[in-house]
Amino acid sequence: MADAYRLGEGCTVDPGVILGYRTGRPIEFKPAVIGGGAVIRSNTVIYGNTVIGRDLQTGHNVVIREENVIGDGLNIWNNSVIDYGCVVGNNVRIHNQIYIAQYTEIEDDVFMAPGVIVANDPHPICTLCMKGPTIRKGARIGVNVTLLPRIEIGEGALIGAGSVVTRTIPPFTYAYGNPARVMGDIHDLECPLDIVDKPYENGLDVRTRGVEPKHTEGQS
Amino acid sequence: MADAYRLGEGCTVDPGVILGYRTGRPIEFKPAVIGGGAVIRSNTVIYGNTVIGRDLQTGHNVVIREENVIGDGLNIWNNSVIDYGCVVGNNVRIHNQIYIAQYTEIEDDVFMAPGVIVANDPHPICTLCMKGPTIRKGARIGVNVTLLPRIEIGEGALIGAGSVVTRTIPPFTYAYGNPARVMGDIHDLECPLDIVDKPYENGLDVRTRGVEPKHTEGQS
Amino acid sequence: MADAYRLGEGCTVDPGVILGYRTGRPIEFKPAVIGGGAVIRSNTVIYGNTVIGRDLQTGHNVVIREENVIGDGLNIWNNSVIDYGCVVGNNVRIHNQIYIAQYTEIEDDVFMAPGVIVANDPHPICTLCMKGPTIRKGARIGVNVTLLPRIEIGEGALIGAGSVVTRTIPPFTYAYGNPARVMGDIHDLECPLDIVDKPYENGLDVRTRGVEPKHTEGQS
């Protein structure tokens, strides 16, 4: 299977990993192409006909299907799946137990928390209009959120845990509920523990800004 | 382990697959019986004491427990689990990251979208009245839906993404929300992209009817 | 890798299991320590720097990360994940497809139903205040429930299926919805099938009390 994939330099590949898996869909096979510096953990499966940039990190049991175009620095954790035909930018974080539906578009710096499930079919089963949502640069999606097809999560927007998002969410706003409603601007949010002054400034989170804590009470 | 399972002709079995796994429950072991034409992907585990028809297709890391009776043409995708004691009809599609609770009944042609979680215990932990829902022929369950124990999803009914279904849903209706409420008849639904005239006719979806698109705008 | 883990007597370890996996986080490696009587099913991964008591039972494809301290009798089923830095008591049951976030605390006798997702970051991404909820002794969490960071689920409390729990829930109450609201005392709940007189007495469920059924109608 030497021609099933091309792997860049300095990669770590665990036992049970399969690279360049052949889809059952009727397309011409091309090798999986994976950039250097990847760490691919046990039992991960990456299909052929997918191109991934440098510094991929996977958890265990990850599945990345065919015909995906993925940038540098993807982190995708345990038991998560990217179905076929998606476009994923740079420095995207897809946490545990997430499902990314076919034809979803995820821009740079997006963070998806555990258990996010993405839909792509407004009236199942239809094979004519299948398309996932578009998740703009730096958006943050909370745990166990459901995203409906073809909506847009605006740049830097924040979706609260357990929400069902049925409509497009404007940039730099936060929304939650079932159905999710826009509740305000992320820049007005405050830290409930007063560990930092503002969780978000200029659309950037605490980690990205490298903020120092005001005190350590309540930290773990 | 030659007597742990019986596999029909023309099957494909990936590395890491375990067939005829022995349950820890105190029952007499019988081989797993799997019909011809199966494609069983990597690290799938199918327990003994389960019977599956022809043309099974699994994704990666699927678990099918003991004492299940499953028809022909089951598609069950990555990381999904069917717990023990279920009855599953023909041509059922169980997508990614789904959990089917013990003693659930799923009729022919049912479609379950990614992340559906099924319950079977009205007041946990009780071992006296454990029973899942009954999902009637051709019903379609949206992504990340929660189904409560012992309810019925009517024939051809459609459950919207992210719903929590606490009561029986009549045939050919659609319902959504937490708790899910019936919102109308599936035959009154329209295609939001005007790609087809009607998503559902005579209870059948676009794919089943083989509908041609009116235009290709908005398709992917 | 003989020094990657220490395993007690009488353990069963399936093919594909990895014990004492090395985290990518910059900590000094210590062996995984797992007590006697464990049954560890296929493709489970248990990281180093974690200590687990006697009689562990895992399903398939389970991941238990580093720096966890876990008591006796943990049952953790298929495709579930415990992230790093958690404290888990004795006789805890973590069912299928569950995600336990870093720095979550779970006391003795807790039951978590399939698909529960736990959060630990009130304004992602922040690395300064990451902390999961505290789930008190004997609490029962329904299927597909979302738990927000730093809340407390009180002793013996019951959370209904599909709920999003945003606030602390008092002991021995039941709550449901999005957001979850307290709806009553668990001792006032009745069996919808009249199989038992009271599902909960003195905070204990049917199984724990070893109740006999009043009749067998409706059982499976």
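In this document, chain identifiers A, B and C correspond to the written order of the chains, with residue numbering beginning at 1 in each.
Just so it is clear, a residue touches a chain if its C-beta (ideal position, glycine included) is under 8 Å from a C-beta of that chain, and two chains touch if they have at least 3 such contacts.
Remember, it's a predicted structure, so these values are computed and weren't measured experimentally.
Chemist: With a Cα-based fit, what is the angle in degrees between subunit A and its identical partner subunit B, given to the nearest 5?
Modeler: Superposing the C-alpha atoms of subunit A on subunit B needs a rotation of 120 degrees.
Chemist: Are the interface residues of subunit B and subunit C largely the same numbers on each copy, more than half shared, or largely different?
Modeler: different
Chemist: Can you check how far apart subunit B and subunit C are, centre to centre, with Cα atoms defining each centre and the answer in Å?
Modeler: 25
Chemist: On subunit C, where are the residues touching two or more other chains?
Modeler: 16, 43, 61, 79, 97, 115, 144, 178
Chemist: Over in the complex, which subunit A residues touch subunit B? Could you list them?
Modeler: Those in contact with subunit B are residues 16, 18, 21, 24, 43, 45, 61, 63, 79, 81, 83, 85, 97, 99, 101, 103, 115, 117-119, 121-131, 144, 146, 148, 164, 166, 178.
Chemist: Which subunit A residues qualify as touching subunit C in the complex?
Modeler: Its residues touching subunit C are 15-16, 39, 41-43, 57, 59-61, 78-79, 93, 96-97, 111, 113-115, 140, 142-144, 158, 161-162, 177-178, 189, 191-193, 195-196, 199-200, 205-208, 211, 213, 218-220.
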